[in-house]
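Dropping the structure in here first, questions after.
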């Protein structure tokens, strides 16, 4: 679906050699995007609402054990399997390469979630609750989702908007690195780099050309906009 | 903070933005001297710079505030400690501000201690009571006043010091579990902690230092780690971790050396021996530190690869490879952390690693560690002082305890009898924001502001090569009828009159802070002081010039390291318990924040609870499966915990994070999991220094299922292959 | 057969066949009340779901579809029984079809209607289900025609409409009979429903042509409906679903369950209406052979699916099979027994094919197995999809089970009501057959080129 009518194509590079699995990005995203608190029962029943998760995989047995971390968020697939199956265009592709989610239109078929190979779409099984005054933290830039709708990482679209607005107010082009999603912003080892893949000189584009690059489930043809860089023992950065 | 104090300052013009020239911009960095409801434009967010206090590291933050509500905490990109980055705990500080279970006004106990029955009282009444309680201690001979706090630094340390001067016999104990006093008492005894230049090193060796999760300044080290790995054009720093548990920090290592608990130091000796053999050690640094080569040679003479491998129980191949790397890759940097320090032989072990750094020629060079002079007032106590205090409390020598900024009932092992000793104190006054284990014992609670409502400064204890004073400013109006602790001290001074009032005439802590900063920060002498102050507030603090590093002198000769001691008989208690600071909750102070409870523990992916980690081989022998309920018993006590099969752990070791198991601290933390400090058995040695890694335990399976919830699928966690990774 | 000629009396036959429409007995009321209560409880469960949220179901991540979709697919499959079987039999002019036609067609209409409820129940926000409809609106928003869910909606609606018309057209002459036999307000209603059927030659001619045409049309619709339902799965990237064989496999599955249901229905109707003379062992034998054939076909499809997966051994797909056989081993076994082993072995024997109790057991087993098969298609694939870290599993909640049970109750309730208010036996068809048996070709007032003699 490479129908691009915009100068931008947002993308992300996640360097697995830097990611320490610390989880700061998870909480940053939760804070930024008004993600409700999931109680223990909810998580036990598969109703965690985080938009990004750190997957931890074990390898081997003692003493030859390794643990590997894989930050997983919506890959903003260029050929997103979640989009064609949505009967109401609630899951749609925006001209800047984002997989958008229109909460108002979503009727809650959960079809898109089945068809997302990365299993990053989360469903609001109940209405969110914030015991007072926790709700005061909610950001006015992000809709609070009601029960019955699907949601997932938006690449912090509100920040992209804000960045573009700022640039246009100042009558200039958006700078590389000016828009930073909450997860990338907080990541201590700077494992997450976000930017415009259309600009060959952007940091994200340069890193995306690294020999360490790979994308998840490349064979499925989803054309993710999230590019991982292999971790462990690769002595030359991209 | 009173509105009046804002108004005093509100004549000031809205300070210019840090984003140059964006007058119509979306957001501005403004100092909170302009109150939000006046300075804020509806629909437009402002950023306020402040400092995180979720742990002592003191990372700089920018808080996005929208129409008087704090919305998002972000790292301050200009702050030298964290360079715009934050850990999950820092991100979650908003929830402390808006926590539904904060103490909203002064409380007076009505039920028995610990019953949680309080009635709200007014501040006037509370202050009157407090002043009345304090009054007798102004007399010269009157003993029995105790201030128990977390270690204090900067202005608050000075104010507290000045205040307590008027109570001649008062004792101030400033302690918290993860305070690095063991590092300050290491080989060099420099009171400042060196700045480890992780980012520029080529070979990193961590001796039980979980520097990516809880050790000293995790965000700073995390940032450095990223730099070390992939920021430089041609090199990727390598990294090995030695310690019995594959912690989050160890998981990022290229090589994990699973040493027996308390034996990590042997590797340091092994490397030093090779350095001496190859004569590739830094002789001048050794000399400068006042140490002799012969001494060191004698000390490490026997530590060949085989010996090190035997002591630590690691394969000689791995040891040899590590030693080879450490001596051939330069610069190589060694960190030492709590897992090593918390053993009975910890002090010598820490010294061994510091000696290694010295021998590697790491002192004051890029990729090494920089010693800078201690730059600021700081009050902190060591473990021996703490155990001494507990004795005094047991002997009923403490009559009035003021407790601020800490939760000792939770964070001191029960075996040391702190809680029982606390019950001996006739009057306990707490400044807590939450009804935690300690404030539940208080007779009077004068609730403190949350960090985001307070003024203050932070001098990062571990840190930077330049001098840093991080500033804390309120970003929202106080939500509840609370008062900042230093403001209470000033109000007391005023109320108690006399000398005290004369010496502390300040209207507010803000005034004190400003006066104090003027004394400490040279910049404030240049130009318009007001403008300068605004500028500092916008910036998030004062970031001074780089300090001249100093050459450390060794306080003592490096010594032999003995084997660690464990309490509990091996036959009865076959397993060794390692407790560690939780990634999510630090020492347990953040367990009340639902975002952190919900955040899967990075290694086990457990949410909303805690657990006992058991090596799968051991678990098989014990008949324990993932999620089974087990009973852990030590000579000090018994706990019931769900089991997590943890491949990254020595088979004779079990591990449990500190942080859960609160009795109190609000709805999200209360009665969730267990506090492993209840299992720690104190010994004579452990009265002198903290030895939380030295207890043996026994594990018994109780039942099949325990309500353990993990975010990751237990079986799926072993199927990385399916991802084609 | 000659004795029957003596008994032939159109009026008596009408009365006999309309006996099911006589005023209800207390037993009927009891049955209706019990069914109604179960339906009401299901409604209550649904209300709970709508007012609190989908969280009251067992649905989770990764298993975002559960009992509702399983029931949906099952009922859609079942709906193939009637219309399709009836259409096929009609076209193939098997004369013994007559007594069961109506029942089978009604079965289709009710099962497809029940099926159609499930996607609505399943929605997270049922109250805006109409977003799926391509209705003109000020926002100029249209539904996504690429989504199989939209094909579903179109197909299901078409099938509901088509099969209802099919049923209704077949009903016309009988409604006229009922009209003629009743009085008062009933007569008025049936008069309206009979749409002025007078049984003229012209009407019969149109009727006959129309039925045949509809029968021709309804078969592709039925095939397409189930292919489309199969595409809900087949077009996805979900391992285990992503399979080209799914469309024919689903259709065969549906026919299997449909044929089995028709046999069950034949047994029940034969017993209830004492049709031993019409439905003779040979008819069951024939139907059982058909069932045997589709079971063989189904097994072929199923095993080619398994073998391809095994042969290709794509790790994630094989993982799903392994997971299915370990976690849902017993269900898998029942499915194998019910869809393959028991019917294929059992139906090879003439005695079994002609034994009604045996057939009853086998056909019920086939449908149970078919329900399980739907479960095993939906759940294991989702439980262990591509990302091992979030693997999970699924257990339906009471709400889902209540609604599922209520769907069966609703089906039977609708059926019971239908049998009470409409002739459940195709009067004209059966009479026609009587006449055939009598050697009479007279039909109504006209002579039609009609029927093949039985056997």
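Which chain is which? They are A, B and C, in the order written, and residues in each are numbered from 1.
By definition in this document, a residue touches a chain if its C-beta (ideal position, glycine included) is under 8 Å from a C-beta of that chain, and two chains touch if they have at least 3 such contacts.
All values derive from a computational prediction rather than experimental measurement.
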item	value
Chain closest to the assembly centre - both centres taken as Cα means	A
Interface with more contacting C-beta pairs, comparing A-C to B-C	A-C
Chain centre separation in whole Å, for chain B relative to chain A (CA means)	31
Length of the line joining the C-alpha centres of chain A and chain C, rounded to whole Å	44
Where chain B and chain C are represented by their mean Cα positions, the distance between them in whole Å	67
Multi-partner residues of chain A (each touching 2 or more other chains)	48, 53, 55-57, 70, 217
Two or more partner chains touched - positions in chain C	386-390, 392
Residue list for chain B, restricted to those that touch at least two other chains	712, 717-720, 723
For the chain C and chain A complex, residues of the former touching the latter	52-55, 58-65, 119, 122-125, 128-129, 131-132, 141, 143-144, 146-150, 153, 232, 235-238, 382, 385-390, 392
Residue ranges of chain B in contact with chain C within the complex	712-713, 715-723
Of all residues in chain C, those that touch chain B in their complex	315-316, 319, 384, 386-392
Chain B partner contacts - residues on chain A that touch it in the complex	15, 17-18, 20-24, 26-28, 30-32, 37-40, 43-44, 48, 50, 53-63, 65-70, 131-140, 162, 165-166, 169-170, 182, 185-191, 216-217, 219, 229, 232-237
Chain B - residues contacting chain A, complex	21-22, 24-26, 43, 64, 66-67, 69-75, 82, 84-88, 90-92, 94-95, 97-100, 212-213, 218-219, 221-223, 225-227, 229-236, 246, 248-249, 251-252, 254, 256, 258, 314-315, 479, 583-584, 594-596, 598-600, 602-603, 605, 607-609, 615-617, 647-651, 667, 707, 709, 711-712, 717-720, 723-725
